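We just call them A, B, C and D in the order they show up, numbering each chain from 1.
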Amino acid sequence: MALTTEQQDEIDQLRANVQPTRRAVVPALEEVLYQAVPVLDHGFVRVIDYMGDDSAVVQAARVSYGRGTKKVTEDRGLIHYLMRHRHSTPFEMCEIKFHVKLPIFVARQWIRHRTANVNEYSARYSILDREFYIPQPAQLAAQSVSNRQGRGAVLQGAEAARVLELLKADSTQAYDHYIEMLNEAEDGTPIDANRQGLARELARMNLSLNFYTQWYWKVDLQNFMHFLSLRADAHAQYEIRVFADAMLDILRRWVPLTFEAFEQHRLHGVSLSKNAIDAVRRMLKGETVTEADSGLGKREWAELQHVLKGHD
Amino acid sequence: MALTTEQQDEIDQLRANVQPTRRAVVPALEEVLYQAVPVLDHGFVRVIDYMGDDSAVVQAARVSYGRGTKKVTEDRGLIHYLMRHRHSTPFEMCEIKFHVKLPIFVARQWIRHRTANVNEYSARYSILDREFYIPQPAQLAAQSVSNRQGRGAVLQGAEAARVLELLKADSTQAYDHYIEMLNEAEDGTPIDANRQGLARELARMNLSLNFYTQWYWKVDLQNFMHFLSLRADAHAQYEIRVFADAMLDILRRWVPLTFEAFEQHRLHGVSLSKNAIDAVRRMLKGETVTEADSGLGKREWAELQHVLKGHD
Amino acid sequence: MALTTEQQDEIDQLRANVQPTRRAVVPALEEVLYQAVPVLDHGFVRVIDYMGDDSAVVQAARVSYGRGTKKVTEDRGLIHYLMRHRHSTPFEMCEIKFHVKLPIFVARQWIRHRTANVNEYSARYSILDREFYIPQPAQLAAQSVSNRQGRGAVLQGAEAARVLELLKADSTQAYDHYIEMLNEAEDGTPIDANRQGLARELARMNLSLNFYTQWYWKVDLQNFMHFLSLRADAHAQYEIRVFADAMLDILRRWVPLTFEAFEQHRLHGVSLSKNAIDAVRRMLKGETVTEADSGLGKREWAELQHVLKGHD
Amino acid sequence: MALTTEQQDEIDQLRANVQPTRRAVVPALEEVLYQAVPVLDHGFVRVIDYMGDDSAVVQAARVSYGRGTKKVTEDRGLIHYLMRHRHSTPFEMCEIKFHVKLPIFVARQWIRHRTANVNEYSARYSILDREFYIPQPAQLAAQSVSNRQGRGAVLQGAEAARVLELLKADSTQAYDHYIEMLNEAEDGTPIDANRQGLARELARMNLSLNFYTQWYWKVDLQNFMHFLSLRADAHAQYEIRVFADAMLDILRRWVPLTFEAFEQHRLHGVSLSKNAIDAVRRMLKGETVTEADSGLGKREWAELQHVLKGHD
């Protein structure tokens, strides 16, 4: 991440400006408000604004006149109850807004979550920065042979070096040619006064999917947790998971009771099919259950073994 | 509206609790935060929370690091531009949450706007209050003869008196029987110790559509304006329009620049079909345009005449 | 249910009209197309239209050019995989449209599912029929004492008789007064030529929540299953559950492979929290686990016992 | 566009398979069902499925038991009325599904319309084809000097040639290196047996935004028209507009009455702000209105002149 001095100044100025409000305030989140949490080589996540706290969930579930809070133990119990029984609407009553800088291929996965509001930096209007994602060597994984969607062992030696070299060289060249086609220097003047410069909306097509974009992303607490449950998960691609992991920490600061229930019932909870829970019932009666008589397919049987051994 | 002393105390307590925040604050909205604005005979609208202000719209349109604001005149120009060209996503970056008490038949219209978050007071869990809507005499309109959806002249004399008598008597009786079926006194004890009492989820079906319900309703600025453009409109039923009117005032306090643009381009703007604008073009050239040669249907022709005479 | 002869004629006419199409066709669903399945005393569910079949789910998951189908066993495996891993988007590729007649208090629960398209019969424009829901004696349940949301034992004898009497009498009177206020005979002429008649949008407020309304309801397969998982569930109110049950049968006809996976992974599957699955792991190792050392609350512990004994 | 023989065979096979249905059928749309309409150099749009027709709109507006149709003239009138008054829910009752092949930068604009269902070809699982968009010379526009979002004059001579050369060379090289990193020949065997090959989810980041992707896109009629009103518009980027234009023709085939109303009220209709319509009223009274006394900003004044001269 490389915030310019000017950007950091703007952030510091926002942070210094404290005003009184009658709204619910979450001091632990205010502490990090506006600050950029670095993710990957040039990305970040910043909380820009938020609305509501754990009490707002309780208040909505009770449709009360005041804050809704009784005792913390009662609130905790209610929040766990709501989470367990998938009563989602009370969690929709809180909202959070982020500023995120992320590679385009990550943005393409992220945007598939449609129940959020997004404003993306426009490459039709503006010129993108010379910033592209190059994986750390530890992330240069081979294609998994057992799982079409996954990563296998990390590439080593010459093969790894060659991949890094290709990614860097191609990205650098793509950007150089992007600027050449635009014919626009950093100060906005033409590089070559005899050329017109290609329209921005066209020139951008030469950039590759590892270039960084940025957006404002606003989401309610319920959909935020849904996003995290899919993306802070071992099956998610590493490059989006690191964003989700950074946001998990923000969730903990914002709504600690909800976070606790989310961890308990979603993040580390499990779903079992009818056949899988039937198999567990038989095991608990002391029966020996085999893949063949479990009614489970090979893959689901392996997943069940995995779960029963203590993995999520 | 009849807030109990206990409810008003809870509201006063919330209002007295002022804390520092780094977020954007709108003093004109803080002034009325939590307070109940009376609507109809027992209803109200209260702002419970909000997120963002006019600057957040500008900030999202520019995807900037700081507040996004340049000069007020530039911000106003940008907001008008966005509104005029129906660039809706920057307006989705602000959010507001209301507590509303309203008759059930109004709630049924309201809920048709699906792009909002709702938590309604549950008559499965809880007992509804003895509060029902009785129109003011000035609102006792006859069915319009020209417009199937509209209201005609106000009922007078004996007919009006009879309507009010029926509405009051039937509502009173419906509630009396609701309580009798529930067999539950105000303190929760059985009215008749020999009866069990009908389940709440069933007893409620005896209440009529003019009984009051309440809910938390949370919506982003864009969808809030869409709601207002449909419901703060002459074609909307009076009983929902008065809620929308009360909320228009809240919009003005919250985001004054956006409100100005909304009035200009939505609330008092007009849409003209191809044939309608063609007719206007011909008129401006000095031609006499008739319904017959305008290509417009009877109804749209009448609407065009209406618009050109200075009505919305 | 009481379809008029005219309505049944319209339905028969639609059913008789068979045309060739190149689209995917589901004969088992065509069999019942347009027919009204009776629900409660006057309600029904009718399938009006549908788009796609099991193959469309497979096709979308593979983004293929043809039907997407390989062998039935492979398709079944893929559909189970998608369901188990909550890959929801392929199921969004099928769509179904219903015509439903239902009591208003049921409609108010139903509409909380916002991810569907709805067109409801308008009581602003039109006059509602004299049709209201009266529960069967077996459904006249008392309020549950252990569960605020549930039903207890069925009311008996005099208490049950009194409830039925009140519901019938109040509904009848509400409708009589509705018509009196409207001042409109069945043929549309005024009942009393000296009166104007109250506007329809106002008169309707005298009707109670057990009156029937009707709507067109269109939903994609994914959201349809979500609706069914919540409403064809023991926790759902009986009066909405019977609609969901009728629709389960339609789901089975429409997409049999998806239905099978839905039953297996949703309807009869279970979710266990981190502490609950930890308790199960300990039990499987032969440990004795108690409520106290399980880390589960009283309620969740009871639910876990229930699940492990073989109830959903 | 280059459909392989295998793909064209699959399409022909689907087209040859005609079955009877009781559903509404639109012969004009069946004619082109499954066929690929070429767009840009390698893209296409194919209708895969549809549900409903003009009558379904009418039926939903009337909540009727049969087809809803009265006479064509009455249906036309109702559809125009619904469109003019922005009654959107009846149009949500029809649904259409497309298979689209499009450059990634177009897909990124397209996906901002969130009220649709999407299944995209996955570059995590699969290998993308060597297909990228190269603009026709006539589309190689310069950046507009007056409008930050627009295109100016077309590039000529050496500058145009250089741009095309850069785009082609960089895309070719990006793909070559993509395959080299994957280390996978067309038949799936390793190119170099001593290398493992980079994971697909990583290698794809080297491809540029002009590479083609494909997806299934399903949308209701209301949101489809909203998409078309924004994208079949002079302000839309050319590369997405050509897709929208191809889809306009499909809309005409599918729902001819709705299409007519859409053209009349949306596509060629205009919106005027309060100040703009006030200016028109004054002009119609014979007053001379100037920019200065119109209350309009410079830009909106120019737009009004444009509209009054007969441009959309």
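Convention: contacts are C-beta pairs under 8 Å (C-beta built on N, C-alpha and C of every residue); 3 or more make two chains touch, one makes a residue touch a chain.
Just so we're on the same page, UniProt names per chain: A, B, C, D = Flavin-dependent thymidylate synthase.
Please read these numbers as outputs of a predicted model, since none were measured by experiment.
Shared contact partners of chain B and chain C, listed by label: A, D. The pair with more inter-chain C-beta contacts, choosing from A-D and B-D, is A-D.
A separation of 34 Å divides the Cα centre of chain B from that of chain D.
Measuring from the averaged C-alpha position of chain A to that of chain D gives a distance of 29 Å. Chain C has residues 89, 112, 118, 122 in contact with two or more other chains.
Taken as a graph of touching chains, this assembly is complete, with every chain in contact with every other. The touching residues of chain D, counted against chain B in their complex, run 77, 80-81, 84-86, 89, 112, 230, 235, 263-265, 267-277, 280-281, 283-284, 297, 299-300, 307-310.
On the side of chain B, the complex with chain C involves touching residues 103-105, 108, 111-112, 114-115, 118, 122, 124-125, 133, 135, 139-144, 148-153, 155, 159, 162-163, 166-167, 170-171, 173-174, 177, 180-182, 184, 195-202, 204-210, 237. Across the interface of their complex, chain A is touched by residues 3, 7, 10-11, 13-15, 17-25, 30, 33-34, 49-52, 56, 59-61, 63-67, 89-90, 92-93, 95, 97, 99, 117-122, 214-216, 218, 220 of chain B.
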